[in-house]
Amino acid sequence: MAIRFGLLGAGRIGKVHAKAVTNDAEAQLVAVADAFPAAAEAIAAQYGCAVRSIDEIAASADIDAVIICTPTDTHADLIELFVKAGKAVFCEKPIDLNLDRVKACLAVVRAEKGVLMVGFNRRFDPHFRAVRAQIDAGAVGAVEMVNITSRDPGLPPIEYLGRSGGIFRDMTIHDFDMARFMLGEEIDTVTARASVLVDPAVKTEGDFDSVNVILTTTSGKQCVISNSRRATYGYDQRVEVLGSGGMVAAENQRPVSIEVATAAGFTRPPLHDFFMTRYTEAYAAEIATFIAAVNGKGAASPSGEDGLMGLLLAECALKSVAENRTVSVSELA
Amino acid sequence: MAIRFGLLGAGRIGKVHAKAVTNDAEAQLVAVADAFPAAAEAIAAQYGCAVRSIDEIAASADIDAVIICTPTDTHADLIELFVKAGKAVFCEKPIDLNLDRVKACLAVVRAEKGVLMVGFNRRFDPHFRAVRAQIDAGAVGAVEMVNITSRDPGLPPIEYLGRSGGIFRDMTIHDFDMARFMLGEEIDTVTARASVLVDPAVKTEGDFDSVNVILTTTSGKQCVISNSRRATYGYDQRVEVLGSGGMVAAENQRPVSIEVATAAGFTRPPLHDFFMTRYTEAYAAEIATFIAAVNGKGAASPSGEDGLMGLLLAECALKSVAENRTVSVSELA
Amino acid sequence: MAIRFGLLGAGRIGKVHAKAVTNDAEAQLVAVADAFPAAAEAIAAQYGCAVRSIDEIAASADIDAVIICTPTDTHADLIELFVKAGKAVFCEKPIDLNLDRVKACLAVVRAEKGVLMVGFNRRFDPHFRAVRAQIDAGAVGAVEMVNITSRDPGLPPIEYLGRSGGIFRDMTIHDFDMARFMLGEEIDTVTARASVLVDPAVKTEGDFDSVNVILTTTSGKQCVISNSRRATYGYDQRVEVLGSGGMVAAENQRPVSIEVATAAGFTRPPLHDFFMTRYTEAYAAEIATFIAAVNGKGAASPSGEDGLMGLLLAECALKSVAENRTVSVSELA
Amino acid sequence: MAIRFGLLGAGRIGKVHAKAVTNDAEAQLVAVADAFPAAAEAIAAQYGCAVRSIDEIAASADIDAVIICTPTDTHADLIELFVKAGKAVFCEKPIDLNLDRVKACLAVVRAEKGVLMVGFNRRFDPHFRAVRAQIDAGAVGAVEMVNITSRDPGLPPIEYLGRSGGIFRDMTIHDFDMARFMLGEEIDTVTARASVLVDPAVKTEGDFDSVNVILTTTSGKQCVISNSRRATYGYDQRVEVLGSGGMVAAENQRPVSIEVATAAGFTRPPLHDFFMTRYTEAYAAEIATFIAAVNGKGAASPSGEDGLMGLLLAECALKSVAENRTVSVSELA
């Protein structure tokens, strides 16, 4: 059965999901809502769906599932509204920037036996999936160390930082999720160091732009996350897993892979300069996974609990930086 | 203005083009025709277009352009039919396997002042385009040598070979076109050597499976094409251009780019195993170019004459092999 | 003037240095000493030099400089003996495993105005030197982050671990020196996490086999060191430096660089499996630097103080692990 | 038994061989001869050997073997002189530029039952050897196609070209030998195309600077050689072998392997800019092979006949270019 979708939010990520739903033979885009009517109408025109209000979508009998791409501070309320309305929910990360609000929201989801999937898109990147598949196939033996390098092409607008929740909640949260995905074991301790090196204005926002985090699991596995808000050469997204039998790593991606050789050396083009082009395939694959899950094929994973755990690790990292010490996840859980 | 399309042929390449048309905001898929009604109906259902016969499409006032994906032996007739009907025509290569038939067909196109673009998809591959762009930007100086390595993952069914026109007309033709695209100068001589190494059955079909060709231009530039019908490691598609100032090369593409390191070494996955996944982006880009051309933006290139030239070079290569000598293109033109 | 050398210790690293001295036109190998006469005699025979006792070498008027390759616990005593004897001294790392002993030894060197160079060979690796040269040339702007991955091919014999001083003093010490070499600024804090993942026997020796360390400088620059005692794919030695303007990285080295492509993928051979083959060029270059320094051309660097600092950072790392917190270098300096 | 060597010619390649002999525990450099006494004396001083005339070396009872590094036009005479004197002979390529002279020389060697090895150094490059070893190990199945790309960093002095014998005898001859090494089967036909693209002055010397050659064997295996006298990015030396089971290729070599990433892309340094640094290891290995052969361990290969065959293929290539046709080796053999 084709799943009938309502899309909440017609911004740039909303457009990505609209296309993914349309291109999936198992799904149909029925309606779109946005605070800006023009944005909703553009999507409606392109894909032949209706424009409805959020409340209308919640009340629509011809809608099975929704995708929430609205601003972060509306996520938790909308999740609750739609699970109560009996719709399956896919929500962009994060559920909320406040740990207690996330917990309360997940309690509602559980009470309603709702279906909730959180948009940690990187788990669906074909290269990272292939790394995970190699681990599962035993290619590198028992996992021991994970090294994640994750650098943005450039600093977002300073005014954005203030409402981002800070680098750990906004940026590292993806890497925390990737760490859990690769380690295959829950995190026990968090040790973080943070600096402002890219732009002094970051400091005035109470944020950092350059951080390193060491995670450990109960069995002693370790993961290092290395983040910077600026990589002039593009969106640097690498994952490397060392096991007892070897290593598996995902290489960086670039839009074109040519090489020019001159007396100055051999030059390949920079990496992608934008997360949406870097993760094009991942966005389509995560929606396909959600559609399959709603159709009863497989789990709606990553779950709300995965979303909660990402935020929790971010809180631990902040505490570690503030107190110059290793923080046990159990202190904040 | 959105260009209104009729699709002739609903096979695997037809599906690719149907998707490209639908995803392009400047185009609309109006109708599809196929000898097998079920195939046409599947596309019609997925994209919301009509099923019509070929003659109906030729007579349709709501159709501006057609894409010809039918069997090779129908191409020339359909091109003539549709240019006479005043439709812009995109035709999969080759126009025909017979040189005279191609010339006659192009005469009709010229007489009708028709728009005809031929599907040499590789010109639209982002990596090869980037190579060409580097040449145009002067990154490697004056072009001197082009090296094209083009190997299929495996031999097609032997029964296909008989109607393929042989390796030069079926496979090398793409490389002849790439050579012209990169050299930026017409070919003057063709020298080819051919063997049967992959499967003795190829010989019984009067064909070859392993060939090398050297092309020269009037100014002495050279191009080497190296073909094999079998590369166990995947679809090997490399182009390298040496100029007075340096070299530019397009790397091979693989579906996932990870690396597994063990005591046995560092292993990356094989290349794409199929031309349709290798050239996904190229197919979309060539249709976008055709749409733009019909809309008056840019040329419908590669043209029918490009298609003719590819076939002509294949004929020269065959003659070169038969006579163990270098053949001037002027002998056959 | 050709520098006349005495070699103390005729083991495997002694042989490497004997060859480096002989191949350098500015140097001459005059005598060799070793507790095992046969080892000394083998070198003497191959390179045509004399066998003498350590005391004879100290008293030899025809010796300008010595290379100390004897067991670690003799280093500090020999350094003192030879600087007092007026010889220039090159000593393999570490000076001693005890911080106070190192300090006392360096006090003697200073009092005698002796020349002392410490064998942190990696600074002389042509690839790491090229990274440093790019930083100096401004290719990546201001240094912000250094990422060092350093993994041994396999665990040394467990009995060795007991006298090694532990992973931080034995293995990470090289990376601490590399961090200082690349950061170009002294380390302010050390935060380390350590596990036993490779072999439980490591734990019984009170040691670790898998560690991650974050270093920070006063200005907030960070360095991550990731160590494992086991990398089945060979000796993994990578350095990557992120700056305000870009990144520069040294690739891993392998004895042969071929690639085999089959249906199983593209495989390159493992890395070097031994530090002596990996750092062949570095060993020759460090001795050449020492010879030049003794000849008055350039500094005898890395110095005894560099050796001290490496050990100090190892102590800080141990304390960090023991106390689960960030340790300021000033606490132990 | 250590082989006692006489070195004929103390130029740059003579120095390379002097070092190789000295560093080999199985050999001893006894004497050196050169038309320029100062050149011979420099080597004698550095390695502690005698200076003698060529005739004295031929008459020396304490000399077992000679290395001929004198000008090309003396090679054949010296080979004859020394095999008659009962010395094993290693001779730099070519034996002579004249096919008949080579044949006559080899007849003398055979008559004297002399030991003659020819300096096709590339067979001893560790990367190319590893390619051959993979073929021998069956990693790629039956060899079908060999692709050799061989480009010099820059045109030699024009005055050199006149006495070089032309590009096929001077440069491609190495690739002809590599083709035979990799194909493992004798060449049956030669088809070549040649241009002057780098410098018009090359034409005035009756030479070419840009050539492509297709070789075939009796069983239909093919090899393509692509040569240019100019590659701004360094000494480009690649070999790729396609077999029924896969492909094996040797990558290019560079002095340092770092990568700098900025907004302009990812840049690695150029390749080696000189054949002597590119083939450092190969030169040492070929002399070691010769020493072993004189000591009765293994063959003195490549042999004089290998040298003859390289020249013969060059003659065939010249004829192919002149006559615009495929030439059978049997026409000239």
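The letters A, B, C and D name the chains in turn, as written, and every chain counts its residues from 1.
The rule is simple: a residue touches a chain if its C-beta (ideal position, glycine included) is under 8 Å from a C-beta of that chain, and two chains touch if they have at least 3 such contacts.
Small disclaimer: the values here were computed from a predicted structure and weren't measured.
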Open item on the list: Spelling it out: a chain qualifies if it touches subunit A and also touches subunit D; which chains qualify?
Closed with: B, C
TODO: Count the C-beta pairs in contact for B-C and for B-D, then report the pair with the higher count.
DONE: B-D
Task: Chain whose mean Cα position lies farthest from subunit A - done: D
- [ ] Please report how many Å separate the Cα centroid of subunit B from that of subunit D, as a whole number.
- [x] 42
Task: Averaged-CA centre spacing for the pair subunit C and subunit B, given as whole angstrom - done: 57
Open item on the list: Which positions in subunit A are in touch with at least two other chains?
Closed with: 231-233, 245-247, 261-263, 269
Task: Residue ranges of subunit C touching subunit D (in the complex, touch as defined) - done: 25, 46, 126-127, 129-131, 134, 139-140, 245-251, 253, 255-263, 269
- [ ] Please name which positions on subunit A make contact with subunit C in the complex.
- [x] 144-145, 147, 149, 151, 189, 191, 193, 195-198, 210, 212, 214, 216, 220-222, 224, 226, 228, 230-233, 236, 242, 244-247, 324-326
- [ ] Within their complex, state which residues of subunit A touch subunit D.
- [x] 231-233, 261-270
